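The next part holds the structures, each set out as structure tokens.
First chain A sits with chain B, and in the next complex the same chain sits with chain C.
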Partner chain A sequence: MNVLTKPALGQPKRKFADLQRASMVRWAIIVALVAVLELTTRTGMISQSLMVPPSVILAELASIVPTEQFGQDAARTLTTILTAFSIGLVLGVPLGVFLWRVPAAGRILEPFIVTGYAMPTLLFYPVLLAVMGLNAGPIIVIAASMSLIPIALTTMVALNAIRPILHKLANSVSASPQQYYLKVLFPAATPLIFPGVKLGFIYAVIGTVAMEFILASQGVGFRAGFYYRELNTADMWAYIAVVIVLSVLVNSVLTWLEKRIRRDML
Partner chain B sequence: MLVALILLWALLSTMSDLVASPAESLSALMDRFADGSIYRHLNATMQAVAIGFLIAAAVGFPLGYAIGRSKFLGAVFDPLVAGAFAIPRVIFFPILLQIFGVGVGAQSAMAALAAVFPIMVSTTAGVRAINPLLPKLARSLSLSPLQTVTKIYVPAMAPSLMVGIRIGFSIAFINVIIAEFFAARAGLGLLALRAYGMLDLPTMYGIIVLLAAIALIGNLALWAVERRLGNKQL
Partner chain C sequence: MSHISPIDSVGHDSDVVFDNIGMTFGTGTGSTQAVANVSGAIPEGKFVSVVGPSGCGKSTLLDMVGGLLKPTQGTVSINGETVTGPRKDTAMVFQEDSTLHWRTVLDNVAFGLEVKGLPKTERYESARRMIELVGLSGFEDHRPGQLSGGMKQRVAIARALAMEPRVLLMDEPFGALDQQTRQFIGRELLHIWEKTRNRVLFITHDIQEAVYLSDEVWVMSARPSVVKEVVTIDLPRPRPEGTHSLPRFRELEDHLWALVKVEAEKTLGPGARLA
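Up next is the complex of A and B:
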């Protein structure tokens, strides 16, 4: 989203202390939140049919994770996410390159892509269900289309932002088209493309879990909705916790990667 | 482009029984309008989107502004907001259902919960991108805090506020539909999935076209406003 924001410069030492203080406050907030939930659910201020205490969720998780059903659900969700993201990446980057090479196409397609950014491609879920049947297919299509758009958009922006001197350099050493793309454009654009790739992956996760939640036969998102319908609040919360942990984990890993990749940015 | 899409749709419908033709779908949709049965659902959906979006805006803009203004709050909350942004928020819908009961309340709450984070993120980014001269200008004119916000910050941030409004609207809309797919008393999403369940494919395609049209038109209108604001800035 904020592809081009530069980190603010400050005195490094003070900044580090500030950051440490901030992260302490952040953890304190999280711990306090969990403690409040534990307390209010234990004392019955929040009904246990609505929310079970976090400690119970943890115990429930421990009993769910080793089961075969959980393994199948997790495997299904993860393969769906990865497949959708791979499709998004494989189609999104060339689409971005195409939009950059042919600015006219970029201008014609721009409204569709910009609205597609937020446009509910998932409106078409019932259509895909009707055509492809109740399996991982429709979910992959939707999650892939959701992850494709930010990737294509940032690829285009990144290629446009490459410094003109690099194009001249490639010309002056008479690089072949293949060398031009692989040795010049790709390394120069990677730090700028990565935020889009990160967003693409997050969208793939969101799309997959959300679609599973609506209607599916298997998967982590499906199971949370399933236990809601069975009025099994504890198991429902356990699966919600799985989803939260999964997405926060994905986000942290990608943020860490992003920092590493952008550090040696020109 | 739109014409090409409709032609493609017509072509697909001749090849497969599972795709209703555009004419059939539109007439099924028109029937729904003619007998008036759709208005209740249309109303429920639009109401949920509007309420949810307004709540998200009322909460998201001030919070995003506060996080953007203060370095410390930014350092504390940025990772939290980013983490919350990555969670598929639909997963919380069952809880909202238990709190609000099946109905417009739960749908609105879902939309608010989903739209508040994008609005916060873009407001924060907007505050941070403000030319540092402007706050100084405000101080040198000794404006009151209220004047500083309304006369300096809001106009300077207008483009990024519009981004927040547009994305917030879309996300609110999508999430209302997803929530209706899952459980609702009335709503276009419910109607579409019910039509799928009854294999009434023309109606299903018709409603989905209607939904896509609402989303597309709303988005394009907001995008046009956004671009005009952006042009004025430069």
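Up next is the complex of A and C:
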């Protein structure tokens, strides 16, 4: 925690230059990869029934994005992700607090939770579909349960990792339970909880898109799966590109938020 | 071991009074009696240090005054009221770094007042005063990660002082600092205290520090601890730079050393004599 929150004191300028160089190399790799894909697909080294040239994907995207159907799919997927993530957060954090507050419960329940982490929950999808019907409900249940686990586990671990002296300090100034949680525990635990929250969000994205891909009536994942089954490679890749862009975007926002929270907590 | 009361008559109502307190951890055969039959008082405006061998229950004594531990025997009272939990008129400084790393120095110093519910302008005003008092002016917007160990302890001291405590409880506050910083910050604490004159209960294992800072030094025995002797430090105040080399200072230091050594040998065994 210390290492992460410590500002770079020595030679900050050089560090910035290093970061800039790394980012340039990173972009060069991306551009090179896209160029290689373009070349191999154009020359037929990769069959166009598997992968279409990136330029074609881009053109396809340009024609898809303005359509009403795309708007509906994107809105459906985004609201599903956000709902699942919110449920994961609202249940995961209190669950983590409970596991920390009642260590006996933590010892008993932790194996279940860790197993839940390792288990392919998507296997329950057909059952949920049968019970809840073909709508966003089953997807939300699966994605929320996937999202909840890393959030709960990191919350518990983060609270356990708080320096004991902070409990003593809060106690010595007679902090109320509310002050104890809001002014001491959560701020102290945030740097450790946040990676779990980030993971929870990513799991919500994966869960949503994967379930949509398997079976749904709407959504970006559904559309990619639909074109896959239709053998429409160009449209399938266009939707896959949408998912990739969405993931990168979400991750960038979360990383930015993580840095801000660390710097300006409370 | 006979028990000697630090003062013959129990103190005034306004004092911090220990009335035959004891603390036993655990029950049955596995129990440990950390503190036994401590009586005494910290009078208004006095700086009292407690020295004794490691593990003799010095910190336990302090935690009982701070309301963090409830004595299993006897009572501690402040201002005539029995201590039952943390009080608004006591403030603690710990050995470890207790700064809140996500807060600025200003918000760290204001923390106690914030918990008390003081409005922002008021708590910042007194926090700024305390920051100046402990010599951290200009660091208000820094975060603890950017400060040295000594500066972080000054933040903790300022936070405690900002609460304007009737009793300031310090549990080896300089214990984790290097010798130079320790002496320097000790001198500063003395200057500050001469301005504020709170009651201080100061736990330390550094005898020189205890003599330099205190009006009274309580020597605790090995476990189960009692106050073995109260040594009045009759050095004049203010105590300038050269105080450490006064013959009387040496005398007091030697006397305390002798007392503590006997107790340390009891805990550590005769091998301690070789050390």
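Observations
Note that the second predicted complex is superposed on the first by the 241 of 266 C-alpha atoms of A that agree within 3 Å, B and C clash if a C-alpha of one lies under 4 Å from a C-alpha of the other, contacts with A are read in each partner's own complex, and residues count from 1 in each chain.
Everything below uses one rule, namely that a contact is a pair of C-beta atoms (placed from the backbone, for glycine too) under 8 Å apart; a residue touches a chain by one contact, two chains touch by 3 or more.
Just so we're clear, the structure is a prediction, and the values are computed from it rather than from any experiment.
By the document's definition of touching, of the two partners only chain B reaches A:210; chain C does not.
Applying the stated contact rule after C-alpha superposition, one finds that A:163 touches chain C and leaves chain B untouched. In the superposition on chain A, A:187 makes contact with chain C only, not with chain B. When both complexes are overlaid on chain A, the residue A:172 reaches chain C alone and has no touch with chain B. Of the two partner chains placed around the shared chain by superposition, chain B is the only one that A:25 touches, whereas chain C remains out of contact.
When the two complexes are overlaid, the chain among chain B and chain C that reaches more residues of chain A is B. When the two structures are aligned on the shared chain, A:49 is found in touch with chain B, with no touch to chain C. Applying the stated touch rule to the two superposed structures, the overlap between the chain B and chain C interfaces on chain A comprises residues 1-2, 5. Chain A meets chain B in the complex at residues 1-2, 5, 18-19, 21-23, 25-26, 29-30, 49-51, 108-109, 111-112, 114-115, 117-120, 122-127, 129-131, 202, 205-206, 209-210, 213-215, 221, 224-225, 228, 236, 240, 243-244, 247-248, 250-252, 255. The touching residues of chain A, counted against chain C in their complex, run 1-2, 5-7, 9, 163, 165-166, 168-169, 171-176, 179, 183-184, 187-188, 190, 262, 265-266.
Residue ranges on chain C touching chain A, taken from their complex, read 66-68, 85-88, 90-92, 94, 96-98, 100-103, 107, 111-112, 114-116, 143, 145-146, 163. In the complex of the two chains, the chain B residues touching chain A come out as 1, 16, 18-19, 71-72, 75-77, 79-80, 82-83, 85-88, 90-95, 97-99, 121-122, 125, 128-129, 166-167, 170-171, 173-174, 177-178, 181-182, 192-193, 195-196, 201, 204-205, 208, 211-212, 215-216, 219-220, 223.
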